[in-house]
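Okay, handing you the structure first.
Order as written gives the chain letters A, B and C; numbering starts at 1 within each chain.
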Amino acid sequence: MLLSPDEWQIVRLSLKVSGVAVALTLPPAFALAYLLARGRFPGKILIDALVHLPLVLPPVVTGWLLLIGFGLRGPIGSRLHDWFGVTLIFRWTGAALAAGIMALPLMVRAMRLSIEAVDRRLEGAARTLGASGCRVFWTITVPLALPGILAGVVLGFARSIGEFGATITFVSNIPGETQTLPIAIYAALQVPGSDAIVTRLALISVLLSLGALVISELLSRRAGAGRGGHVL
Amino acid sequence: MRLTTRFISFLLAAFATLWLTTAATAKPPLVLAAASLQESLNAAADAWAAHHHERPVLSFAASSALAKQIDAGAPADLFISADEPWMDDVQKNGFVSPGTRVSFLGNNLVLVAPADSKGTIAIGPGFPLAQALGNGHLSMADPDSVPAGKYGKAALTALGVWPSVQGKVVRGDSVRAALAFVERGEAPFGIVYATDALSSKGVRIVAVFPASSHAPITYPIARLAASTSQDAEGFRLFLISAEGRAIFRRYGFLPHRPQAL
Amino acid sequence: MSSDATPSFDIDVRRRMGPDAEVALRFTAGPGLTALFGRSGAGKTSVLAMVAGLLRPDTGHVRVAGETLFDAASGTSVPTARRAAGYVFQDARLFPHFRVRGNLRYGMRRATRQAMSLDAVAVFLGIDQLLDRWPRTLSGGEAQRVAIGRALLSGPRFLLMDEPLASLDMARRGEVMRLIERVRDELGLPILYVSHDRSEVDRLAANVVEMG
C-alpha cells in the first residue's frame, strides 16, 4: 500500500470536499460568467471586482470573513443553524464552502472567456431558423462554450484540492471531517520527525494538481481551437 | 546635472551612515516561546528593556512547531517550551547549550466556556462532557503534539472521558488558537491553561482539571547552541531570577513543581 | 404584373450605425427575386439584418408578403424566431458542432408543412452525399449549398440571401447560381438578394433596388 488507511481517508475527504465544492459552485459561476460576458448594466465593474476578490485577498482573510459570517455566532451561520439546523463551521460542508469560494474566480474567468468566444452570429443564425432564446442557449451557446466550461470546472477542482488558508481559519483541523490534504500536510509539518508522511501526502497533492492542470489546459486548447475549427 | 550628482552623493552618505550605525548595535536575542507565554513574556521583555538592554524579539507558537524549527536549524537564542518532552527532543538533537536548561514555571489545566454561556459541569471520573457538548465541538490544541493538547488528552483519558469526546475535538495549532474558538462562541467548551483563561475576557473557567489527571505542567527554558546574541544569557538569567518569576506570577503562572520521582 | 397585387417587399427603414454612419432605404418590390445592388459598405447587409429582425431600425416599417414584421409607429416588432425568414449568410454560418444533417434539420421544427423532405432538398441541392460530414470538412461551395438547404428546410415564407456567391470560385459560382435559379423558379417565395456583382443581378433579379 502506498498510503496508510488514515492517509487514504485524508485523500478521500479532500476529493469529496473539492467535488462538492465545484459541483455547487458551478451554477453561480456560470451565471456570473454569462452575466459578465453578455450583460450591460451599471455596476458591472463592481461585480467583476467582487468575483475576483477571493483571488487576490489573503486566503486567511477570506477564512476570517467566513468565520464571522457563517460561524454559529455569525449573522448567516446563526440563521442557518436556527432555521434549518445547518452548521458549516467545523464541518466538511464548511470546508466545501471555503474551497468553493476560493475556486469561484478561476471558474468564472475560464467560463467567461469561453462564452465570449462563442460567435454571436451563430446565435443569430439559429434565431432566424426559429429557435427561441432558450433553445439558442442550450443548443448553440452552451455546447460551443462547453470546453471552456469544463476547463473552468477542472481548474476550480485543482484550486479546491489545494485550498488551505481559508479552510483552516474557518473549519480548522478535524481529522476525518475537515482535515483535507493541505491541512494534513501542514499539521504534520508542525511536528518533528514527520518527513515521511509529509513526503507521501505532498506527492499525492502534486500529482492531483498536475493532473488537473494538464486536463484543464487540454480542454482550454479545444475551446480556443477556433470558431470554425472545433468539433464536439 | 550637478544637482542630481549632489543629491545622489547625499543619499549614498545617508545610507552608509545608517548601515554603519545599525551594524554597530548589538543584536537582540531571539526567543522562541510557547504560545501560552504571550502576555507574560512580553511584560518580562519590557522589564528587561527598562533595564537598558535591547528588547528581545519574541516569537510565539506551539512548542511542537518551535521544536521542529530548532531541529531544522533555526538561528534562535532561547527556547521556552510548555513541556519537558519537546525540550528533551531539542536537547537530544544537540541544539541545547549545556548547563543552561532550567524548568521554572508551572500552570493548571482548565475547562473553559464562552463568557456569555451558562452551562456548568463538574470534572470528575467519567464526567458527562460528551453530553454537555451535544452537537458542538471541544476546542483543544492538537492532542498529538502540542503540550496543551497532550495534557488535555492525558487528563481526559485518566478520567475515562477521552473515547467519548475524541471525535468532537477541533485541533488548534496552538493553545491560543484553541482559546480563540471558545472566545468566538463557536465551540461550547475548550481546554486551555489557567493563565490563558485569565488573560481572556471572552471565556470563563468552568472547572479545573485535577493535577493528578495529567503530568505536572512545567516550562523549561534553555539557551540554544546556535545562539549568537551576547544578551541572550543575560535575558535567560533575568527570566529565572526572582524578579522575572514575579512577573510570570502576576499573570497566573505557578512556581515550578518538580516531578515526583 | 397586376398593379394591385400585394408587394412581396415593402421596406422603409432608417438606422444610425455609428457616430457618422446611417443606413436608410425605402422601396417596394413585386414578386420574384429582388436584388439589393450597391457597392460594399453601403449597408445592404444591415438592411437584410433589419428585415430578419437581427437589427432594429430606428424608424420605418418592414412588410413582407403582406405581413407586418416591424412598424415603428405602432411599436410592432415580430421576434426574429417568428419571422420565418430563410436567411442564407455570406459566410454560410453553419453550426460547427452539428453535422450537415444536424444543420439541415435545425430549423425543421418551425416548418408546419414541409414543401420538400430533407432528402429531397439534399438531392435538389446536390448535398445528399455530405449528410454525415462535419462543416469544417466542407468546401466553400458545399457549405453554401448546405446553408441554402438549411434555410429552405426551416419552412420560410421568404428568403434573404447575402452575397451567397461572393466567397466562391468561378466553377462553384456557376453551380450555385443555377441552384438559386431553380429555387427562385420552383418555390415561388419572395427573395431579397444582396449583391455587388452586376452580372449576378442581371441574371437572377426580377427587380433591382440600388443602394449607396
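In this text, contacts are C-beta pairs under 8 Å (C-beta built on N, C-alpha and C of every residue); 3 or more make two chains touch, one makes a residue touch a chain.
Quantities reported herein were computed from a predicted structural model and do not represent experimental measurements.
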(request) With one step meaning two chains touch, work out the least steps from subunit B to subunit C. (result) 2
(message) Report the chain ID whose CA centroid sits closest to the centroid of the full protein CA set.
(response) A
(request) Return the chain whose centre of C-alpha atoms lies at maximal distance from the corresponding centre of subunit C. (result) B
(message) Can you compute the centre-to-centre distance for subunit B and subunit C, using the mean CA position of each chain? Integer Å is fine.
(response) 81
(request) Determine the centre-to-centre distance between subunit A and subunit C, using the mean Cα coordinates as centres, and give it in whole Å. (result) 45
(request) Quick one: report the Å distance separating subunit A from subunit B, using the average Cα coordinate of each chain. (result) 37
(message) Which stretch or stretches of subunit A touch subunit C in the complex?
(response) 121-122, 124-132, 139-140, 143-144, 227-232
(request) Using the touch definition up top, name the residues of subunit A that touch subunit B in the complex. (result) 67, 71-73, 87, 89-90, 172-176, 187, 189-192
(message) With touch defined as at the start, can you tell me which subunit C residues reach subunit A in the complex?
(response) 52-54, 79-87, 89, 93, 95-97, 106-107, 109-110, 134-136, 150-151, 154-155
(request) In the complex, go through subunit B and note every residue touching subunit A. (result) 62, 64-65, 67-68, 71, 89, 135, 137, 142, 144-146, 167, 169-173, 177, 181, 184-187
